[in-house]
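Shared between the two complexes below is chain A, which pairs with chain B and chain C, respectively.
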Partner chain A sequence: MPIHCSVSRDILIEGLNSLQNITTKKSTTMAILSNVLIEVTREGELILTGTDLEVGLRLHIRADVEEEGSITLPSKKLFEIVRESGNNLITIHETENNWVLITAGNSTYNLAGMASDEFPEFPKIEDDTFISLNSQIFLELIDKIIYSIANEQENIYSLNAVLFEKEKREEHSYLKMISSDGHRLSIMEKQVDQDLDALTLNPVTLIPKKGIQEWKKFCEGRDSVSISFEKKQMVLKDDKATMVIRLKGGEFPNYNAIVNSIRQENKIEIDRIPFLDSLKRINLFTEDNFHTIKISLENNKMILSSQNAELGNAKDEQTISYSGEPMVLGFNCRYFIETLQVMECERLDAYINSSSSPCMLKSDTDSGFLSIIMPMQL
Partner chain B sequence: MAKIHILPEHLANQIAAGEVIERPASVVKELLENSLDAGATRIEIEIEGGGIRLIRVIDNGEGMDEDDVLLCLERHGTSKIREDRDLAAIATLGFRGEALPSIGSVSHMTITSRPAGADLGTEAVVAYGKLVKIHAIGAAQGTRFEVAHLFGNTPARRKFLRTVRTEQAHIEEVVKNYALGSPETTIVLRVDGREILHLDRTLSLQQRLARLMPAAVPLLGVGDPDAGTPPPRVFGYLALPEATLPAAARLRLFVNGRAVRDRMMTHAVIEGLRGFLMKGRNPAGMIHLIVAAAEVDVNVHPAKHEVRFRHSRDIHLLISEAVARAMGHYQQEVQGRIFGPAQARRTTPIPLDSRSVAAPPSLAAAPLEKDDPPRPLPRARTAAGSDQADRPAPPLPAPGTYRPASVAGGGLAAAEPEPVAAPDLGARSPRQTSLAVPDRQHHGMQVIGQLDDLYILCQNDEGLVLIDQHAAHERLLFEDLRRQYSGDRIASQNLLFPLTIELSLFQARLVEQHLPELQRMGFALRHFGGNAYVISGVPALAGQCPPQELLLDMLEQFGSESGQSERENRIDRILATMACRAAVKAGARLSIEEIEALLERMARADLFSHCPHGRPVWKTISRTEIRKWFHRA
Partner chain C sequence: MVNETATRHRKIIHIDMDAFYASVEQLDNPELRGEAVIVGGSPDRRGVVAACSYEARRHGIHSAMPSARAMQLCPEAVFLRPRMARYKEISRQVMAIFRDYTDLVEPLSLDEAFLDVSLCQRCQGSATLIAREICRRIHNETGLTASAGVSCNKFLAKVASGYEKPRGLTVVLPHQAQDFLDALPIGTFYGVGQVTENRMRRLGIQSGYDLRQISREELIRHFGKAGEFFYDIVRCRDNRPVQPSRLRKSIGSEVTLDRDTADLTEIFAILHSLATSIETALSRHRQGASTITLKVRYHDFVTVTRSLTLSAPIYDRQAIVDHIPRLLHATEAGKRKIRLLGVSLSKLTPRDRRLPRQLPLPFLPPSPASPTRAGSATVALASAGG
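The block that comes next holds the complex of A and B.
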């Protein structure tokens, strides 16, 4: 069925743009995955689909349809063509043997496509109990925990994924995201107005890092998003777009045990921004690969110091509120910097009990967020 | 009648010949040594029939008069030592007074010699140990030996000889050794009338070596041949470890100009090249050792192939340090070539961001303690663990190489959030602002891109530079680790979720045995009953590579300990494994910023040219070469 339709450049470019991250994944063994599937329906709709088998995105766009059909075209090239075209109307017309003639004003392009029957089928969505939530909730959850997802391959725990949980406490519903790279942990929790009983989560719901990134992108530019979970996948959608993210199997460590193990007695109150600035200064003199800093605590004083064998050393002092025993601790400076960067409070509380036990950071004015950083032994 | 009787002289000589004169090459060796000991500045060697038919050695040395000619044919007739204390400090190549009678006993030998100042020379002819005739004759100054029909009277020995070609190769080898041992002598070798080697005395040692190497191989100068420095001293040239060597290339060792075989010296060279020589490859080139004659005993073996040193540990250290130092200089030279001169790299203005003026230069320069050297010397650790406290400290790096601590340009680049160790930057939170103030031109190279997600392609003044990203990063991490390890311990990152690991009995025993070392390497381990251990801390550098795998790798290194391989060697091996694990992998796509940061570090590093396993890190393809490919001559 030769495809033939016309579509507004602005709408098309927006759709193609949001597909780029999914379709331009490098070194895929399936060449067709770097293509975008274009389907044109009699109802005057153009459907763009891209997938890397982990995340799939399907977008519905209005189009003037001459003839319905389907074809796949190189995603990046198509995006570039549309982006560089001056005309506001783009015509896509399949001529023969998967060759597609694209017309934009005075410009014409002949682009080689691939038959659509080899394109992986878009996952079926079985569960139709969707809960619509303000996308701001997800954005806040994701932003606060995305930095501490592990990069590397997994060990016994699937730390390169985010743990997603719901909770009901005292008649209130909460959504929670937890990430950890084994050296630090961050937890973000948001209260939601909706009843979440219909949301069926697995005992351990793990969303891969890539999925989280795409989830975030999906939420940006949308006010509300409907969400649904199935055994192996999660679905995000609104009336024009559907995203399916494959869930990860595996185990996530029992983070509650760690949180509960930290005695919240030895409290240090620190001003966040001065602390962050101090850390950035000290980080100038850490060793490139270790980012080791020393934190000395004594009576209402915190001294940060670092040493670099080639450059020299640096020292910075902070006034804090602390009356416990003097302590000297080692930390990866970047772990602190990254945590402090996502926090939004003016003053934060740190709980440190010994040079080898976990350090907890949180703030009353940054509700729902909690971060734990493991020290280093120098 | 007594059963025991004294052997007749000629039989004793034949027996001695069995030890000294093994094959024609031995004759050449003995005659060459005599010529060199006679102070010859030109020696011509002619052989025919693999040396069996004829060996002729002509020198322009001091020569002998008739009495000397006669005496030299006597067993133990020598001019080289006189009394027993001479034996303890032999300064000549020969000394035993055995060679000539031995050769004479198994061949037809003609000696023609005239000392300087005499009008006439002497010619003596010996046939299988018997002096046939001796008479005066007109001759050039110097001595001329002709040895014909070698082993004609000892068919058994003759039978053991190999083909003419093999014997000839042995002779060539001997001549090459002495040519390198005595660079101030012109040496000519003719085989069956054809000149195959002509090394003029005007050639430098390096040129000589280059001529003798089977192929053009880049050479690394070791030590200083300057005769002014008192012994012991070491000098020579080694083929660069990354050079592709023909199979025939080998390491030649000389002690006071004498070619020797010595495992200790070879080991010292390998030790000096540690971390640069790939497994299974051998060093090639030559190393001269000059020691006081009393320090070395050459009277170990009749053929004098072997020597003994009075202080062999010192010699070992001397050689390995000289080689390591040469490698260190080579690093600086290469650094200059790839990244531009150190001067240019240093004078780059320091980009100071108003927000980050945290460390004024005075603070930056302050921390070094007075008596610390400004920078750790490359390979200074080789001195560790030796009993050589009184050895003069190795010289500081050349003036151009010391970069003061106030060069903050690199430090700022280094402040970029873990640019290399965490290649996946895509997930970085958008709120995180980069702390780096990138200084693109700092390392003097222009990044072109990445090939196969493994090789970084750059261009510099010379041409195209390829860098193996994994090997490069591995070396940098390795040096970091080694510095931390030798300091105190490797920084250890506590784990949030301690991991239990079930070991085999053998592995558990290794952990038990090496627990303090493992701790120093950054592991926090706790026994968990049976053969199980809990890992609660890992080397911080290892980042997020799976702790169990890392530990098992380490244990494998501990377990694979072979024989008496030294502790330090093992540590290096283990640290190399750790660095390999933590380094950016082949197949990792790097951003331009990451590449820049890596180059930046390489430009600043002491050692960078090879990964700790000896694989080369970089390769330059010159513009000239590229032009040639495209016929743009």
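The block that comes next holds the complex of A and C.
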């Protein structure tokens, strides 16, 4: 079926833009995955679909349809054509053999596509019990934990994914995300007004890092999204778009065991912003790989220092509230910086019990948030 | 004779002992002389041929062949277990001879080395005479024979030493180099194995001359990085220096199992013992390593490697052991029978300086009821067929 339609440049570019991250993943096995599927329907709709087999996104946009049909076109090139085009109407017309003629004002492009029947089928959505939630809830959850997801599978646990949980306590419902790279752990919990009973999570629901990134993007620019979980995938949607994220298999560590193992006795109170600024200064002299800093705690005083074999060293002093034993600890400076950056409080509480046990950071202002960082052995 | 006046040419010698392990055995056991001697694993168990005497080679036996196959080809062959300590002892003697001529000695293994004799004044500075004298001294002082190749770069010297074995001395002078390379059958190019040879032949490349007709781009397209190497090599461009203290690039250990197994408990036990011996080697060389590679050869000789690079170097057995399940998981261990297991560490870093070490969160191990099925499909692991 030769496709023939006209579509507004602005609408098309927005759609193609949100597909770029999904379609530009290098795929050596399936060339067609770097293409975007374009389907034009009798109802005056153009449907864009992209997938990397982990995350799939399907967008419905309005179009003037001359002839319905479907084809796949190189996602990046199509995006570039539309982006560079000065005209606000783009016409796509299949001429022959999977070639399309794209017209934008005085510019014409002949672009080679691939037949749509080779494109992987968009996953079927079986569960129709969607719960609609304010996007802000997901954005807050994701922003507080996204920085500590492992990049690679560095562990027997699936740490390159985020653990997603729901909980009911005293008649209140909570959503929870937990991430860890094996050296630190972040937990964020949000109370939601809706009843979450219809949300059917697996015993261990793991969302891969890429899925989390795309989930975040999906929420940005939308007030609310509907969400549903199936055994092997999760679905996000609104009336114009559907995103399917394949869940990851595997296990996640028992994070509660770690949280509970930290005695909340030896407490340090620190002003967040001055601490953050101090860390950034000290980080100027850390070694590239580990960003090691030394933290010395004394009575109401914290001394941060770093040493670089080639550059020299740096030292900074902070006033804190601390009355415990003097201690010297090593830490990856970046871990602290990243945690402090997502916190919002003025003053935070840190619990440190020894130079080789986990350190916990939290504050009453940052309700629902908890960060745990393992020290370094100096 | 290498042109003494042409100082811009380097004088490189490659010396390769003839059938080294087997020759040592024949040297130490005179009754074995003239016999087909095979050093390696036992044929009724599952070893492979590590080295064989020229008498054995006449039967079509070559190194890396399963001993059982060698036994079929030559039932009267004498099979011997390798005696590495003895080979090392003789190797030290031979390397000492090399160092009489130059400090630029790069051993490639116990039985071969490159020598850069460009600045050596002995034998009137003639590399050819030096090579001849070295081979004679090896014979006089150890009773063994060696073959030598002399030329202006490492590649040519290496090809030349294998040109006429045993007891060969082949000299390729700079002005003869291009003709020599042109006439070289493609299979004898160092770095061209059977697979590459077949692909070369499919491209119509039979000789160095044919190879030289192919553009750099095309060679890179067909052979990747090696293509570039072939392009330069066949034009006599090889500036690789002879590196006396060639830095060790990896530390590893592997073992052919007594019998094929799919038993994971047994496999883990073997891998743990390999990890122990690697730990010893790491500490002996005072090194840490950031990349771990697991090698698995299945019963049908299909070999896969799985490797993973860590953010920080590891130093001990436990750290190696910690990563093994994940690597093993990316193989078909447990489902397919395995005949060989190997572990090696690369990206070595000296551990003179005690680096700060990031401690891991004390996660409890997963409960036994939930096997470590984590991410079998998504683990980004390098995979190489073999």
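Assume the second predicted complex is superposed on the first by the 375 of 378 C-alpha atoms of A that agree within 3 Å, B and C clash if a C-alpha of one lies under 4 Å from a C-alpha of the other, contacts with A are read in each partner's own complex, and residues count from 1 in each chain.
The rule is simple: contacts are C-beta pairs under 8 Å (C-beta built on N, C-alpha and C of every residue); 3 or more make two chains touch, one makes a residue touch a chain.
Small disclaimer: the values here were computed from a predicted structure and weren't measured.
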Combined model on chain A: chain C and chain B, fit or clash: clash
Which of chain B and chain C A:342 touches, first, second, both or neither: first
First, second, both or neither for A:358, with chain B first and chain C second: both
Which of chain B and chain C A:158 touches, first, second, both or neither: second
Greater chain A contact set [chain C / chain B]: B
Partner chain(s) touched by A:15 [first = chain B, second = chain C, both, neither]: neither
First, second, both or neither for A:146, with chain B first and chain C second: first
Partner chain in contact with A:251 - chain B first, chain C second, else both or neither: second
Touching partner for A:334 - first (chain B), second (chain C), both, neither: first
Touching partner for A:283 - first (chain B), second (chain C), both, neither: first
Partner chain(s) touched by A:261 [first = chain B, second = chain C, both, neither]: second
Selected from 110-118, 128-136, 542-550 or 596-604: the stretch of chain B that, after superposition, runs into chain C: 542-550
Footprint overlap on chain A, where chain B in one structure and chain C in the other make contact: 152-157, 180, 182-185, 253, 258, 289-290, 292, 330, 332, 356, 358, 372, 374-378
Residues on chain A engaged by chain C in the complex (per definition of touch): 152-158, 160, 180, 182-185, 208, 248-251, 253-254, 257-258, 261, 289-290, 292, 330, 332, 356, 358, 372, 374-378
Of chain C, residues touching chain A in the complex: 308, 310-312, 325-326, 355-366, 370, 372-380
Residues of chain B touching chain A in the complex: 355-356, 358-359, 363-368, 375-376, 405, 407-408, 410-412, 414-415, 417-418, 420-424, 426-432, 435, 476-477, 480, 483-484, 488-489, 491-497, 499, 522, 524, 537, 540-541, 543-549, 582, 589, 601, 604
Parts of chain A lying in touch with chain B, wherever the complex brings them together: 26, 143, 146-147, 149-157, 159, 180-185, 209, 213, 253, 258, 277, 280-292, 307-316, 330, 332, 334, 337-338, 341-342, 356, 358, 372, 374-378
